[in-house]
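Here come two complexes built around chain A, the first alongside chain B, the second alongside chain C.
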Partner chain A sequence: MNNGLGAIHPIQLFFLTYMMQTSVAIFILPRSISEAFGTNSWIMLIVLSGIVMVNIFLFQLVYKKGDGMSVFEIMNVTLPRMITFPIYIVFAVSWSISASLILKEYIYIIQLVAFPTTSFIYLLSVLIIVVLFFMQYPIYKMIRAAGVLFGLASVTIILTVFIWPDFSIDRLTPFIFKGTNVSFDWLTIIDQYRPFLGFELCLFLFPYVTKDSHLFRSFYLGNAFTTFIYVYTVVLCLGFYSFDQLQHIIYPTLHFFSFIEFPFLIRIENLVYSIFLVKALVTAVFYYWISKQAIQQIIKRESKFWLPLCIIAFSVFITYPFTTKQELELSLRFAGRFHSVLIFILPLLLLLLLYIQKKVRK
Partner chain B sequence: MKKGLSFVFMLLLVGCNDKYIIEEVGFLHSLGLDVEKGSDMDEYLVTGVIPQIAPDAKNNRELLTSVSSSDKEALLDLARQSNRDVANGQLRNVLFGKELAEEGIQENIRTMNRDPKFGTRVQVVVVNGQANDLLSQPYTQHPEASQYIDALLEKEARLNNIPETRMHQFTRDLYDDGIDPVTPILRRGEDTVVLDGIALFDNAKYVEKIDPKSSRIFFFLLGNYSSGSLHLELGKGEDDKTIQLLFDSIQNTREMTITNVDETEKMKIDIQVSIKGSLVEYNGPLDITKQKDLRTLETELENRVENRARHLLSVLQAQGVDSIGVGKRVRNSLSYEDWESLNWKETFQNIEINPHVEAEIINIGIFS
Partner chain C sequence: MKRTNRISRYFHVPIKKLERSSMEDTNDSLLLNTINTFSDCDDLTRYSLKNKQLQFLYFKSLIDKKTYEQEVLYPFEALKDDNKTVSAYLENEQFENVRTSEDITERILNGYIAIFLNQSEAYVINAFGPKTRSIEESETETTIVGSHESFIESLAMNLSLVRRRVRSPKLKVVYVSVGEISRNTVALLYIEGLVDMELLDQVKQKINDVEVDIAVDTPVFVQMIDDFPYSFMPQYITTERPDVVVSNLANGKIAGIMDNSPTAFLAPTNFFDFFHSPDDRNQRWAVGSATRVLRMLAFFITLTFTAFYVAVTTFHYEMIPEALLMSLAESRNNVPFSPLFEALIMEVTIELLREAGARLPTKIGQTIGIVGGIVIGQSAVQAGLVSNTLIIVVAISAIASFVMPSYMISAALRIARFGLILLSGLLGNYGLLIGIILLLAHLSTLSNLSTPYFNPASPFHPKELINAVLRVPYGKNSRRPTQTRTQNKEDVKSLGTGEYE
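Here is the complex of A and B:
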């Protein structure tokens, strides 16, 4: 089934997974994960990635058991509207708020680094227009565009080579998960799961892929690539900064780019955060797209412009009070926690519904 | 229609905020920080050097000074003296006067790290004397003092005479529990700026300096480096002339062996230094074209370097500053609990550290 829109190639899905998962969270990842788990915290990234793989496997089970039925179809068939509608509203609200927060986090960073006196709402408006433009196109075109933007974003990975001469393995220390005051509990783990979020888009792509798209294989590989980039970034930071220093730097990944210097170019971090715009944009666009899909189940009307605009306006309105670093971090943390739990429970719920459907049919 | 509308809207949003017109911005190139003894409290004497671009200006630079209780406030005060917007984005070096460095520069470093405009490549330097004095001189051969200092430091770091201590490296070593930071130290010469060696820090407080003549020895103990040269005097020759030796294009490797790491009192560290290079100058009695004599000279070189390395280590141990990062290796040989319970500063002062040097003369040039 591809609704006659066009085929999605596996490589596009692979790029999409990476673009969805890595957004501005990678700027703070080395610090946040080191604060949470201490020395050599990169090991924990592999464990978290394993959980993501299990999560994608659950999506795959839903796809297999439901014969490619979309999430909404599965729910609509079994559950009454009284139950599905509030669930769809929760979907729409949570994903649109997350999208808005991601955009706001990005703007917060560019304000801090480059545009300290430019109005927040002004910068947000510029981004929202791009998001709206993006959403005018059908999903397969959006995915293709994300693939092209991946090319742009991958430049930053190449730039990290210039950090290598200042990397020292000694600074990694042989200690495992030491030197942290944060207690090792479920909430800490869920909070560190946030940088991996974005792969849940997979669950909503069922109606748009063909067998040749290899949806799940692409997402497994995409997540493996994201994990590789995360581990690489964290290890690089641990060898580039001293452990205590790392805990003081708000955006370690952005910070190390400022150390790179070419004879013709200095302060490369300004280039990097500009490039990261595309990552924040792709994540936000697809989150808004999920919201739109959920709302369309309720209002049953196709609207390319006004519906996305209303969703975006609503999410911006809801997240309007969150402007300082603390407020943004806290709201992102709670949104992340909610999503992490939701995308684990959702496939289980869907599997249960599919099981009930099967029983009823028999 | 809607796309058209959005497009027009987007054009309207093309902003003119946070703009900088290059002629209207004064890019601070060097910043000097000194302590100014006040009547009741110490204040900062801040000196800023901005390259001058006005075509009719007599000087190549704009020199601004200010006295204030906070370095940030002084920066604002500097801006009030200039007809341009003073920006820190192109700052190349921060010079701390010796007196201020002795009092500790932790807070200044922390503030500079916090401000995203400073960047991580700013050179951190100590001035043997006052930074203000060094920056305010009209160097006739180098009218732009800040660029002169910058180029001087870059060249010396490339030759391994001083460590490259930009804001990043200084902060990194300041926060590392297994190494103490170092910086280059400069002094004012006659119409020149002179490199005065390596400044050793105990945490963020300047305690001692290494003579420029021993700088290359410091690098032998610090890690693996290539390039740079070493000059040695090997006593008096037959005609009462001093025997000179210049060892050039040096490549060195360092290996550290730690024994009895679990027992603090018995801990012993052996630093194996291997140096290779070209013999550029030698005016002694040995016939260096002969293999046997060359080997004798190598042994002489090994002994001299070993003695100087031992002396250098004794200076570091006496001051209790682990500037060569022995602590990092000890930390990585211990369990986390053992390292945390170890008072490394005290241990470093009391353990036995022995340098062992192996020298190899690769060539003696192209004329014998």
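Here is the complex of A and C:
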């Protein structure tokens, strides 16, 4: 295995997948999935994870058919600028807005839990500085840092061990998908697909990986691990709260940590929400990075500081009106729907472009 | 001028094939030119024999008096006043004929005696042997069990301390010269077959690229070959212990020893190396492992304990259990300052005490303990300037920082601690986590000789990480670290040296 600095290792990509996928959505996941699919909704998580695997497989097909060409290269070769530029702008806008919404959602939660009197903008500005700090690094260093931050994020997984004594199997039910008023339609499924988003980064990493990086294997495994953690969290919440109670708690994942008590420390959720910062941060940083890559295709200029700053400022400006919980959740839901559809259509479009390229060459 | 060469018999000379000047000095001017070069060097000794037929030039401070008397002075005095006899004696192999004043100057500076015959011919003889202190125990890296030898300021002696431990021709030594004026010799040690030659070339290249007039000491010098000169973290581990050098050489690392410095550096270095002590290896594996875990714990305490206290007492009182909250509130009752300001007062005071203790002579240094412990500690609480609890917190953090075997890492972490305290005071746990994230991101993006500094945590090598955090029993950790890029990863018996961390 290459030990060089620029090499991206499979294990780093595995950690990255998990960090990208699990962001603030995990705070509400047990409630939202139970509201959507009813009892034992965790089964649906496995189904959704299967769809993610198919999505990654589509990315893999693009990689194979395009011989490792980047998304932008494939598009630039086949499509005229008049078409590619608007697409890149859509990429940049959508991912930067998603990143901004994730950051704002996170700030909203910490404000609710610990900083009710502190200014929202003050808290957000600090986070933006950290995002900018990360974006100064080249991609392989960002991935490496994300891998190390996984170690920090895993503390929350370890802390759930202290919940086990309060887990009761009596609170679980053998009924499947009962007790929900939400209609089972495509929109519901797409909405629940949102916690898995983040893996689309895979599509933009083609130029930075080598064979030794095992990009797709790492993303498959990373997604499997995320699914395991999601299922574990939902089952733990169901056994901790019961199905009915779960539907009435805003942030069930955060809430159950408040029951953990150490002789010298209680209300651990105060620490846990801070640790979740790493997940929100990593997701936002890489979403902004995708936006930056898209914009660079248009302006053809490398900028380490000003371009990321402009993108962040733009996204914060656009999402400025969204401040309440309802507004943030709604906007995140719409952004999620858009991305869920986009990342399914995008590889299909790219495969079509590659097919056209092949035909033209012949 | 940069020079590299293989080991030569003149081990204290910056190794190079001495370059001849394009035009050799005329014989008559040899002595004159040399003396002119050393004009105003009052410590240069000039001694004449046999009616100025023979003249010696040397630095008394650089030569060994016994060698001078036995090899030069007495034999020449005993010779007849006859050119032929003297010339014949100078044909002996300990004398070397040199033809340019540059060569002579170079040799004199390296502890040779220059012998001029009739002012026209010059010979040199190696008499290097300045006074050095004897081998003593290291004051900065003490161990309870095991070897107590440490390096001294003599490169020859330091090399002998390593060679005695690795009796193998595979131990190679390459000399590199640094300092345009000082021309210090740096000996790069490695074991053939274990070291990655590309890394060795990198070290040489880095040393050759150093542009400095005088390289004072190894800790100064290594900062000039850092990959990230603006980082606050030490990037090369330095040691005064030959046993540490040897065990790292066996891992495929490169050791650098500078002349006139009791400190060696090791490359490539990773973050976890700073937490290892020879005592871990000397103890049973369980004790060694427990000690290493304790050090990692100390690392977290040093960094975060005071900061966490500030975060909790400023923003998150609800995290403290009721019983503890009462006593904490009581102790903070009379304190007029915010927890951040209170913590900064105490942390700065501790740093002042530490620095004063380090600078003062040992006898006076004890007073600092009394002043710090009784006067500041007790009186500050009684005066209501700080709380009892904070004193305990700050003291634990300070003690934890002294647990680190490397003073360099301990000092760096203390600096980082101030940043975390400030962030915690401003933003509570959120700020603390931001600080930790920035620190981890910084550590994971650093490199040493183009190898990841945070290896084996990033890139993640689980088995090596276990070896770094624990001291597993001998025979169970036979693979050499990937960071060294050694081709010989498993063949631990090839050299027969003890431990492979």
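To be clear about the criterion, the second predicted complex is superposed on the first by the 357 of 362 C-alpha atoms of A that agree within 3 Å, B and C clash if a C-alpha of one lies under 4 Å from a C-alpha of the other, contacts with A are read in each partner's own complex, and residues count from 1 in each chain.
Assume a residue touches a chain if its C-beta (ideal position, glycine included) is under 8 Å from a C-beta of that chain, and two chains touch if they have at least 3 such contacts.
Because the structure is predicted, anything quoted here is derived from the model rather than measured.
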Going by the contact rule set out at the top, does A:E261 touch chain B (first), chain C (second), both, or neither? both
Would you check which partner chain A:G147 touches, where first means chain B only, second means chain C only, and both and neither mean what they say? second
In the overlaid three-chain picture, which partner chain does A:S125 touch, first (chain B) or second (chain C), both, or neither? first
Using the superposition on chain A described above, determine whether A:H248 touches chain B (first), chain C (second), both, or neither. first
Taking the superposition on A as described, I'd like to know which of chain B and chain C A:P80 touches: first, second, both or neither. neither
On the A-aligned overlay, A:F133 touches which partner chain: chain B = first, chain C = second, or both, or neither? both
Which holds for A:R171: it touches chain B only (first), chain C only (second), both, or neither? first
I'd like to know which partner A:P116 touches here: chain B for first, chain C for second, both or neither. first
Let me check the overlay on chain A: which residues of chain A are in contact with chain B and also with chain C? 114-115, 118, 126, 133, 261, 266-267
Sites on chain A touched by chain C in the complex: 1, 3-5, 7, 9, 11-12, 15, 110, 114-115, 118, 123, 126-127, 130, 133-134, 137, 141, 144-145, 147-149, 151-152, 261, 263-268, 270-271, 273-275, 277-278, 281
Within their complex, state which residues of chain C touch chain A. 315-316, 318-321, 324, 427-434, 436-438, 440-441, 443-445, 447, 450-452, 454-455, 457-460, 482-483, 485
Which positions of chain B touch chain A when the two form their complex? 2-3, 6, 9-10, 13, 15, 17-18, 89, 113, 116, 119-121, 166, 168-169, 171-178, 325, 328-329, 331-332, 335-336
Of all residues in chain A, which touch chain B in the complex? 39, 112-119, 122, 125-126, 129, 132-133, 136, 166, 170-171, 173-175, 178-179, 240-245, 248-249, 255-256, 258-259, 261, 266-267, 305
